[in-house]
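The structure under discussion is supplied below as C-alpha cells; questions concerning it will follow.
We just call them A, B, C and D in the order they show up, numbering each chain from 1.
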C-alpha cells in the first residue's frame, strides 16, 4: 500500500491551496421591516403561504412548510420597509467560534446577543455594505403540533399548501456600493464561495456577484447600490419545488391583487425560475425554483459580460426598470447610466 | 464587544461535539460492468440520454448534459453485470489526504492508482461490504467542443436533450450484509451523514440507510443484501430537473422497449420521484428528481418502521418483488421472510 | 366557380355515410349516493377541492373552480354508496328535442322532470345497464359572488385552490353487463363516439369501451360488470390542468388520510394521468389530466388486446385487484376468470 | 312518458334560437411561404420538432408527432414570408357540402381544387380579409412506418421528441382590417363560435376576436391589421402537452440561436401559456399549451377592455412592440395610436 502522505500529491503541491470553508450551513432567518405590519402579516400567511409561529408586540415570526427550523422570517413594524437583519446558521458550534474569530481578526466590530424566538445566542455585526448580520448555531427545530403531523416522518409537517405555498427560505439579494469588496470580505470571514459575477465590458466594474455556502447556485446575491444609501434590500426569496409551482404562484398573486413586478421567467445567472412581487409593506419578495446545483469543489466563478451573452433573463425577457431602481427602504435614484440597464 | 471565545458558548460545551466532516464533495463516477457492452453503450447514449466522451478497448466513458466533470460513467465489458467501482471526489487535496489517513487509521487496506480517463490519482480500497471504492480530488472538467458551447456560460454544454435526458450523476444504492456497520464505517472514514434508516419493529435489524455528504437527501443508499454475495449493486441513479422530466422519461422508455421495473412514483425515504429500468447489460438504473434538501447541520436521522407508516412508496404503490430480489451480479435469493417485503 | 353540389364529392358517395351527431355537449352533473353525507361533504369540499353551492335536507350541491355551470356534483344521503343519476347537457334545445325523439324511437321509456338546483327540465330514463340518466339543456351558469370574482373575466371565479384542487367535471365510468350493446345504444340514441375498446383475444368479449361526445378522449367509460348487479358506478373523475397537479393531489390525499387505491400513473387507454381514491362514502373518485384530444371526425376506434400490448397502465404499473372487484354499491364478486385480470 | 315535443320546452321558445353549427372539425393544415426554404425546413424539423413527410420542387410537407393527419404544415418557397393558405377540415362530407352552399349563398366566390399531399379535394376561397382559405373533408391519416410504430396503438407514432417537440397543429392568428366583420362572416359561413373579443373602451373598435370550432379556447384569432396590407399572418401555433414543455422549448430555442420574441408567459385571452419565436423565413410561430376548454354550448363571448383588466398577459408581462408591428409579409407600419399598444 502506498503511504497516504501529502507528498504523494501532485508536484504543484495543491495542499498549499486554500481549502474551501464549510462553516456556514444556510441562510437561517431574515427580519424584514414593514410600515404595514398587519398587511404584511396577512400577505405572508394568506397569499405567500407561510405559517405564523409566534408574535410579540412589534414583530411576528413565520416559517414555510418545508422549513426545518421554527422561524425563518421575522416581520417588524417600522416607519420604512427594508431589511432588519439577516442570520446565517453555522455548521457547528466550532464553526461559529471560528467565524467569530475570523471577524475579530478582520477587525470587524460586533457583539453577542442572547437570541430570539427560534434561535439561541448569535454574534451580530454589520457587513461592509452596512447590513446587520448575525451568525449563530443554536436553532430551534420546528415540531409539528397536534393535527399538523405529517404521514411521512421525514417531513416537518403535513402538506397544507395555501396561497403561493412558499416552501422554504432560499436566498437574499442585498445592495452594496462595492460588490467586489463585499464578496471578498464575505469569502474571507464567512467562507462564501463566489459562483458568478457580472462585469460589463465597458465599465470594468463588478455590478453583481452570486455567492453560496454549500451547493446551491446562490444563498446570497450582491448587486450594486445605485444611490448613496446603505444597508438596502433588493429582495428576499423562498423556494418552491417545481417550475409549475412558480406558474401557480403567479396565478395566486394575480387573483389576490398582489403586484407582480417581474416574471415568471428564467434567470441567466443561477438558472433559476423566478417571480418577483411586492408585499404590502413595500419589500420585494421572490418565489424561486431550480437553479444550478454546484457540486464541484473547485468551481470557477463565471464572469458575465452584458455586452455579449450576458442578458439578465435566459429567454430574453426585458427587465422592468423598477427592478434596477427600486429597493427598500426606497430612495430616489439620482442618475443611472444607460449602460447599467439590463444588468442583474 | 463580547470576546468571541469558545467559552462564550453554552454551558453544555457543544464544542465537545464531533463536528460534521465536509471532505467528500460528491459521487464523482461509477463503473458498471456489462456482458453486453454494445447494448449498454447504445442504451446509455440513445435512450438514457448520456454523451460518449471516450473509448478504450474494453471500456467507454460517458457523461450527462449537466455533469460538470468530463466522465461520470464508465462501462466495462465483463461476463456479469454489476459494479466495477465507484469514486467519490473530495472537497480539496487536503480533504483527500485526511480521508486517506482516516482509512489508514481504521486499518483499511488500499492503494493509490494513477487515475483514469477524467480524473487523476485516486486512493482505492474495498469498503466493508466489498465494494471497490475510490476517493480522489483531481478531476477533469468538461469543456464543450465546437458546436456544443451553450449560449449561457454557466452551463457545461448547450441543451441537447435526447432520450430520457438524464441530467447529472446523482446517487448509488449498494447491497451490504450489515447496513448499520457499513454506514458507521462510512461515517467514520469518509464523513458520510446518516439521513434516514429503516428498522422494522419486529426485526430490530437495520434494512436500509440513506446517507449524504452535503445537502442532498442521499448520495448513497445501503440496503440489506439478501444472499451470501458481496459487492453487489442495487441501482445507479442520474437526476433530472423536474417531475415532468421523470414522466417524460417513462414515455421514452416505453417506446424504446426498455423494461420499466418500477415507477414513476414517489419514495417515502428521500421524497424523490423515481423510475427504475433495466439496461441491456442487466443493471438497474434510475431516473430521479427532487428529494429532500437537508440544510440543517444537526439533522437527526429519521428512523422508519415498516409496520407503521413506513411504506416504501409515499403514495402506497406496491413494490414489485424483483425490487427486493434482483441485483447485479444476479444470484438466486435463498429465502426471504415475508416481513422483509415492502421495505426499501 | 364550381357548383357546390353533393355530386361533386367522391364516387363512393360519402354523403350516404352517417354523419357524426353533435347533440350532447358534455357531462353536466352527477349525483352520488353516500351513507356518510357529512363525511363525503367534508371530503369533497376540503380535500378533493370543490365548492359548496347549495344544500337541501338530504343533498348538497357542489362545483369545481373551473366549472362553468353552477352545480356539477350532487351528494345525496343513502344507505349505500353508488350512482344516483348522471346528466348530459345537450348542445341546444333542438338537440335535446332530437335526442328525446331518438329515445322515443328506440322504445326507451322516460319522463320529464322539472329540474334541480342548477339545471332546468330534463328528460330522465334508464340506460340499458340500468343507470339513471338525464339529458337537458337549460343550465344555470355560475356567477361569482362578492369576493370571488376573478381578475380575468374569462374565468368563472378567482383562483382559490384548496386540497387536491379538482378543476372541472370530466368523465364517469359505469359498469354494464354488455359493453358492446351499451355503447351501441348510446351511439344510436345520444350520438356518443366510440374511441377505444378492449377485446382480449382469448375471450372475444368486449370488456371496456371509451366514448366521447366531442373531442375528449372520453366522457364516458363502460367496463364489464363482474356481478349480477346493475346500475353500478366504477368511478367519477374531475380533471386538473397539469400532470404536476395530479402528483400534488397525491400528496394532499396522503396527508389527509385519504385511501389512495391506484396511481398516479398513466392510462394506456385515453393516455391520461390518473389517481384513484375512495371518498368516505365509499365511492371511487379520480383526479385526471391530459388524455388524447381527438379532432379527427373519422377517428377509427382503437381495439386493444390485453394479450399483446394492451396493458392497462402505459408504464406497466400493476393494477390493484380491487380496481377490478370493487364498485359501488359494493357486492361480492362471485368468480373472476384469470384472463380478466389487468384489463381496464 | 311525457311526449318529447318542442312545445314542452320553455315559454321563450328556445327552438327559435340559432343552433350551434358543428361542421368544421379543426384547423387541418397551413401553408407558410418562406424566402429561405432550406432554413425554414431545417428549423421546423430540427428545432421546432416536426417530421418531414413529403417534398416537391418548391414545397415540403411536415407534421407533428401527435398529428393524426399526414400533413399539417406545407412550406413553400417564395420571395416574401407569409401565409400561403389555410385549410379547415369539416366534420363530414355533408358538412363540407353545407359550408360550400353557405359560401355560395353569401356570395363568396370560390373553386374546387383537386387536393394536395395529405388531403383530397377542397373548396378554396378568400375570406373577407383576403386570406386564402380551404375547406375539405378527405384527409390522409398518418400511418407510422417501420421503426416508427408506437408501443401503444392509440398514438400515431412512437415518442420521438426532438427540439422543441411541437406536438400538434393548434391555431392560427390572422390580421384583418375589420375584426368584427370578419368574425361575423366566419360565424355565418363556417359556424365559428366567438369566445372572446377585445374592445378598448376609448376606441369602441374591436381590435381582436378569438374563435373556435368546437371546445378549444381558439382555433383562430383575428387581430387588427395596422397597415393597408391584406392577407397577412400574425402567427401559427402548434401545441405541446404541458407548461413544462413550453419552458423546455424556450431552452431549446435559446441554445439553437432562435430569436425568442415573447414569452414564455400566460395569455389573458385564452388562458394559454405561450412562446413566440421567428423562424428563419421570417414568420412568427408559437409553442402553446393549455387554454380554456369551453364545453358550454351557450358560452357568452367575453368582452375585454384594455383600460380595465384587459392586460394582454395574465401576469402583467410587457408586450414587445414588435408583437404589434410585425407580421408577414412585413410592411412598414405607418402610424399607430398610443391607445393601440398593449392590446392583443
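Operating definition for what follows: a residue touches a chain if its C-beta (ideal position, glycine included) is under 8 Å from a C-beta of that chain, and two chains touch if they have at least 3 such contacts.
The model shown is predicted, which means the values in this text are computed figures rather than measured ones.
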| item | value |
| --- | --- |
| Chain pair repeating B-D, as identified from A-B, A-D or A-C when over half of the contact pairs by residue number coincide | A-C |
| Chain whose average C-alpha position is farthest from subunit A's own | C |
| Length of the line joining the C-alpha centres of subunit C and subunit D, rounded to whole Å | 29 |
| Distance between the centres, which are taken as Cα means, of subunit C and subunit A, whole angstrom | 48 |
| Length of the line joining the C-alpha centres of subunit B and subunit C, rounded to whole Å | 44 |
| Subunit B: positions in contact with at least two other chains | 151-152, 242-244, 251, 254, 314 |
| Residue numbers on subunit A that touch subunit D, as the complex places them | 243-244, 247, 250-251, 253-254, 260, 263-266, 273, 314-318, 320 |
| Interface residues, subunit A side, partner subunit B - complex | 1-2, 4-6, 8-10, 14-15, 17, 19-20, 22, 25-26, 68-69, 89-97, 100-101, 103-104, 109-112, 120-121, 123, 137-139, 141, 151-155, 168, 196, 214-216, 241-244, 268-271, 290, 292-299, 302, 304, 309, 314 |
| Touching residues on subunit A, where the partner in the complex is subunit C | 150-152, 158-162, 242, 244-245, 248, 251-252, 254-257 |
